[in-house]
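Right, I'll just put the structure down here and ask away after.
Each chain carries a letter (A, B, C, D and E) given by its place in the written order, and its residues are counted from 1.
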Amino acid sequence: MAQVTIPLGPQHPALKEPGNFLLTLEGEKVVGAKVRVGYNHRGIEKACEARTYLQDIYLIERICGICSHAHTTCFCMAVEELAKAEVPKRAQAIRVLVGELERLHSHLLWLGVAGHEIGFDTLFMYVWKDREHVMDCLELVGGNRVNYAINTIGGVRRDIAPEMKTELLKRLDILEERTKYYVEVGTQEPTLLARCAGVGMLPKDVAIRLGAVGPTLRASGVDMDVRRDDPHLLYGELDFKVITSDRCDVLGRVIVRVLEVLESVKICREVLNNLPEGPIAVKVPRRIPPGEVVTRYEAPRGEDIHYVRSNGTEKPDRVKVRAPTLANWASMAHMLEGGRLADVPITIAAIDPCFSCTDRATIVRDGVWGTLDLHSLRRRS
Amino acid sequence: MEEGIKKGLEERFGAAVSNVVIPRPRRMFADVPREKLLEVLSHIKDKMGFTHLSTITGLDAGDHLEALYHTASKTVSLSVRVKLPTEDPKIPSVLSVYPGAEFYEKELEDLVGVVVDGLPQGRRYPLSEDWPKDEHPLRKSWVKAG
Amino acid sequence: MAKPAKMLGELLGGLFTKPATVLYPFERLEVPPRFRGRIAYEAASCIGCKLCMRDCPSDAIRISKYEGGSFLFAFVSARTGERKLVEIPNNAKKRHRARFRLSRCIYCAQCVESCPKKCLRSTDQYELAVLGSNIKPPKR
Amino acid sequence: MESLAPSAFSLLVFPGFLFLGAYGTLAQWVDRKLYARMQRRVGPPWYQPVADLVKLLAKETIVPQAADMAVFQLLPAVAVAAACTAMLMVPVWGPGAVVSFQGDLIAVLYLLTIPTATFFLAGWSSTSPYAAVGSVRALTQLFSYEVPLFLSVIGAAILAGSLSVQEIAAFFAARPALLAVNLPGLCVALLALQGKLERVPFDIPHAETEVVGGPFTEYSGGLLALFLAATDMEMVVGAALISAVFLGGSLGLTGAAGFALFVAKTLGVVFILALMRALMARIRLEQMLGFCWKILAPVALAQILADILIKRVI
Amino acid sequence: MKKAMEKLVTWSRIKSPWIIHFNSGACNGCDIEVLDALTPRYDLERFGVLLKGSPRHADVMVACGPVTRQVRKRLVRIYEQMAEPKFVVAVGTCACSGGVFDGCYSCEGGIDKAIPVAAYIPGCPVKPEAVIDGVVKLLTSLQK
């Protein structure tokens, strides 16, 4: 069977964002996959150097819509470490709460999109209907559904009022009960099992060798979670389980993420029930003393690492952000090869790619196409 | 835990690994000359459990360039720094030790202008194809035109 | 173990229950109290210190000194989205005027916090759609 | 047996083009509305399919240069024509169909296959890689659901002892008890119809997230409107065929009552199709082939065996 | 007769706007809010809006994000492939003017730098209601 090369993206219904995958097919079987991402490269790191730390928070928050809190918390922790500022306990607790709410928001969003990728639009509609509860909680706490901007250097900008607490707890109960239903659907619906079991295999050793992170790594049996291994904020004092599964396939990732939603609901409840008293922020001078620092944070998609270097002025000298999705691209090419064309969207969706996180840019070279003559004719209007 | 790693590095490499700094628990910085980089990385990966290369940070420190290899074991994050003269920024590729580092090294090459030999040539990453070859946005000297 | 037609109960239930849809233009969801919508400026207490301009991440606010009788104001109708230039007489003792470029503003409300005189506040308006000036008449 | 030459009225207006088009849009609306309500959504207003159709007809039609102009533009019309002629042989108003001869069951099934063939040609003639892969998938899928559909329908025909849809319907109208015998055949036919109409879980050629628009990626404006109309008509004809063969047609009633029963039955079939669409995820091509050959075909064969035995009994 | 046809066509265009979504370098905050507008709580399908995969089938292009240098060529090509009459709705502050990313070396500002824009919906990210409000305003403006 002659090989045909089919481009997936950058504008493609399967991809919420521009990313390009050049797949070499033999019939329906994928034999070669080249990953090309980075259409979202906006040059944020250079822009960070031209703005003050305070303005950088809002710039870094907009690296990715779904893990905005992850990036701002990581960045604020870095700047606070440089300025040797002691963040009050209540602020750290609120950061953990919003962080876990964001994990709920991100995982439920992913479960819906994964359903859409395999044609299960009903799951997409139902999961996103229930996700509205999390969006309401975040809008209540942060004032905006997606960019909650709760962080500032030295603590948080808004407090959790008592009546908010009762509303949040009510919503979390509804969410927990619905998520239990989705655990059942995810493990028992036959067509979903048929589409996810045994697809996008990533064995344990390959996952470690290629440096995968987050649920993709934990679904291959590797027990790594920055919240427990490198405890930041209040995670050292909270007890929570790190979910792993040794299925190494897309179904394993579905199970890990859905169970993580249940785990996050428990954490949110625990934080809400014993919210420490005290101020919510501490004053930090605008000029940060020179130094360099590395901070790591467990974003919904995996380990998010920031490196900030300051030179004593009020503008950072270098800000380096490596979002979790970039680490998973290497294992993505490995997962795609050997699968079928029909599996490509769900395999791509399985690492929950956030192209804007990847923040990198590449272009497909239009001239290179497959060998089959019909397909060498490009789509022309 | 970090002290043990620091002692282990100094025994093994002696002067090669200089000014090992431990700013806070679970964070370490170390300087390594360019020639010893691959050796140090494969040692800490196989012997000391730093199996995960988080990322590579390239930066322009005014008089010289720097490349920081942030590696992580189960709990500790060790950043290996390599100082490079601005006029001859060549560095060996670490794909042999960490195969997942292709995108990090392409980024190093594109944004900071460090020449990584041994990196398979492919499409430019992260800059676009029509971006002039010798312009590296993260250099201090580079200013956005217009 | 696989259970065919797993979501059957949920689906049939859906047929007989009211859909979970808020009929937006007719029914509106009430926005939480501290929602960050369009920023409102209260000129009387503004001292023109421009702290908000310095902290704005996307350079969307311009504070300028102001004398003179009246000024033009691009009024956008919330219902139809058309733009109209409106002449507003300036009788109040206004000394400063703020110009918000809504297309640049990211509604982060950092200016509200940086303002020492508290003369900026977030409102709950989010329907700010504006029609572009060059809608090509559809050719049949 | 009426004269073979159907009058212009029946060709163009009643069971033909206009009625089918209108009823097709009604069926599409019912399908989309039920699908939306099952997902706790409000769903489109009643005039939605009409608005879609008129809007598409008013849009500019782009034909890719590389495509073969004549074939590209002719195919939608062929698809609609096939669906309309198939409708003539299915009883709608009362027990009688417009055209009825011994073996028109085979003709209907054959005419229902033509639209799928036009989808394949449409995808192949428009040079987009997505359309090409989509069209190959449409063909491979054709071989999986066609055989179980034929077998299950033949089973009912054997029991009724005739190959004419009208006579089969009349036979079962007289003996409603025998309908229970054909229940497995009915399930196989429903699943196969879902495959023919290329709807979830069998919408592999149109899988939006894999091959964008499938065979229709390059179609726009009027041509796309014709193709969508053809798909709606195919749904109506399929539903009418199943209600005639498996549910006993109009049970001897004539006139308005017969027509009302016909509408009720076809909309019942549309409800089951919408339920199936909401219930399952899209399965892969080789899984569908496996499912059709390993499960649907044997059940249909068993159905035929049962029909033969029962035939001998009565 | 011609007048009636014209009214019917305009009516059908207002009642069945098929949209295609294009992310030109956005942080996907606005993208998920646009998708959110299709889910049960806001349900755009009651206005006849369908999310289509191929540019050929769509009437309204919903574009989010500052046009990054790499995506610009694709954005223009997709716009050209859409069938007339077509409209572009710039969703989100980044699409209106480049927002926070205006001035980054790889961003070229709003969507209107690459293709003609019919309606701007500011917001970071836009609420799903604002998306509906924008589309409704665009469609009612077709009436004239």
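Going forward, contacts are C-beta pairs under 8 Å (C-beta built on N, C-alpha and C of every residue); 3 or more make two chains touch, one makes a residue touch a chain.
The model shown is predicted, which means the values in this text are computed figures rather than measured ones.
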Chain-contact steps, minimal, separating chain D from chain A: 1
Chains touching both chain C and chain D: A, E
Farthest chain (mean CA position) relative to chain D: B
Winner on C-beta contact pairs when A-C is weighed against A-E: A-E
Where chain B and chain D are represented by their mean Cα positions, the distance between them in whole Å: 62
Chain A and chain B, separation of their C-alpha mean positions in angstrom: 25
Distance between the centres, which are taken as Cα means, of chain E and chain B, whole angstrom: 42
Multi-chain contact sites of chain B, meaning residues that touch two or more partners: 127-129, 137, 144
Per-residue multi-chain contacts in chain C, two or more chains: 7, 11, 19-21, 23, 57-58, 106-108, 140
Interface hub residues of chain A, defined as touching at least two other chains: 12-13, 38, 41, 43, 46, 58-59, 62, 122-123, 125-126, 129, 144, 147, 189-190, 361-363, 381
Chains grouped in pairs wherever the two touch, ordered by label: A-B, A-C, A-D, A-E, B-E, C-D, C-E, D-E
Of all residues in chain A, those that touch chain C in their complex: 51-52, 54-55, 57-59, 62, 122-123, 126, 129, 136, 139-140, 143-144, 147, 149, 157-158, 181, 184-185, 188-190, 193
In the complex, chain B residues that touch chain A: 23-24, 26-27, 29, 51-55, 57, 59, 68, 70, 72, 74-75, 77, 79, 98-104, 107, 111, 122-129, 137-138, 144
Sites on chain C touched by chain D in the complex: 5, 7-8, 11-12, 14-15, 17, 19-21, 23, 140
Of all residues in chain E, those that touch chain A in their complex: 22-33, 35-36, 39-41, 51, 53, 55, 65-66, 68-71, 74, 78, 80-81, 94, 99-101, 103-107, 124-125, 127
Complex contacts: residues of chain A adjacent to chain B: 34, 36, 38, 41, 43, 45-46, 81, 208-213, 224, 229-230, 292-294, 296, 303, 305, 307, 309, 317-318, 320, 322, 326-327, 329-331, 359-365
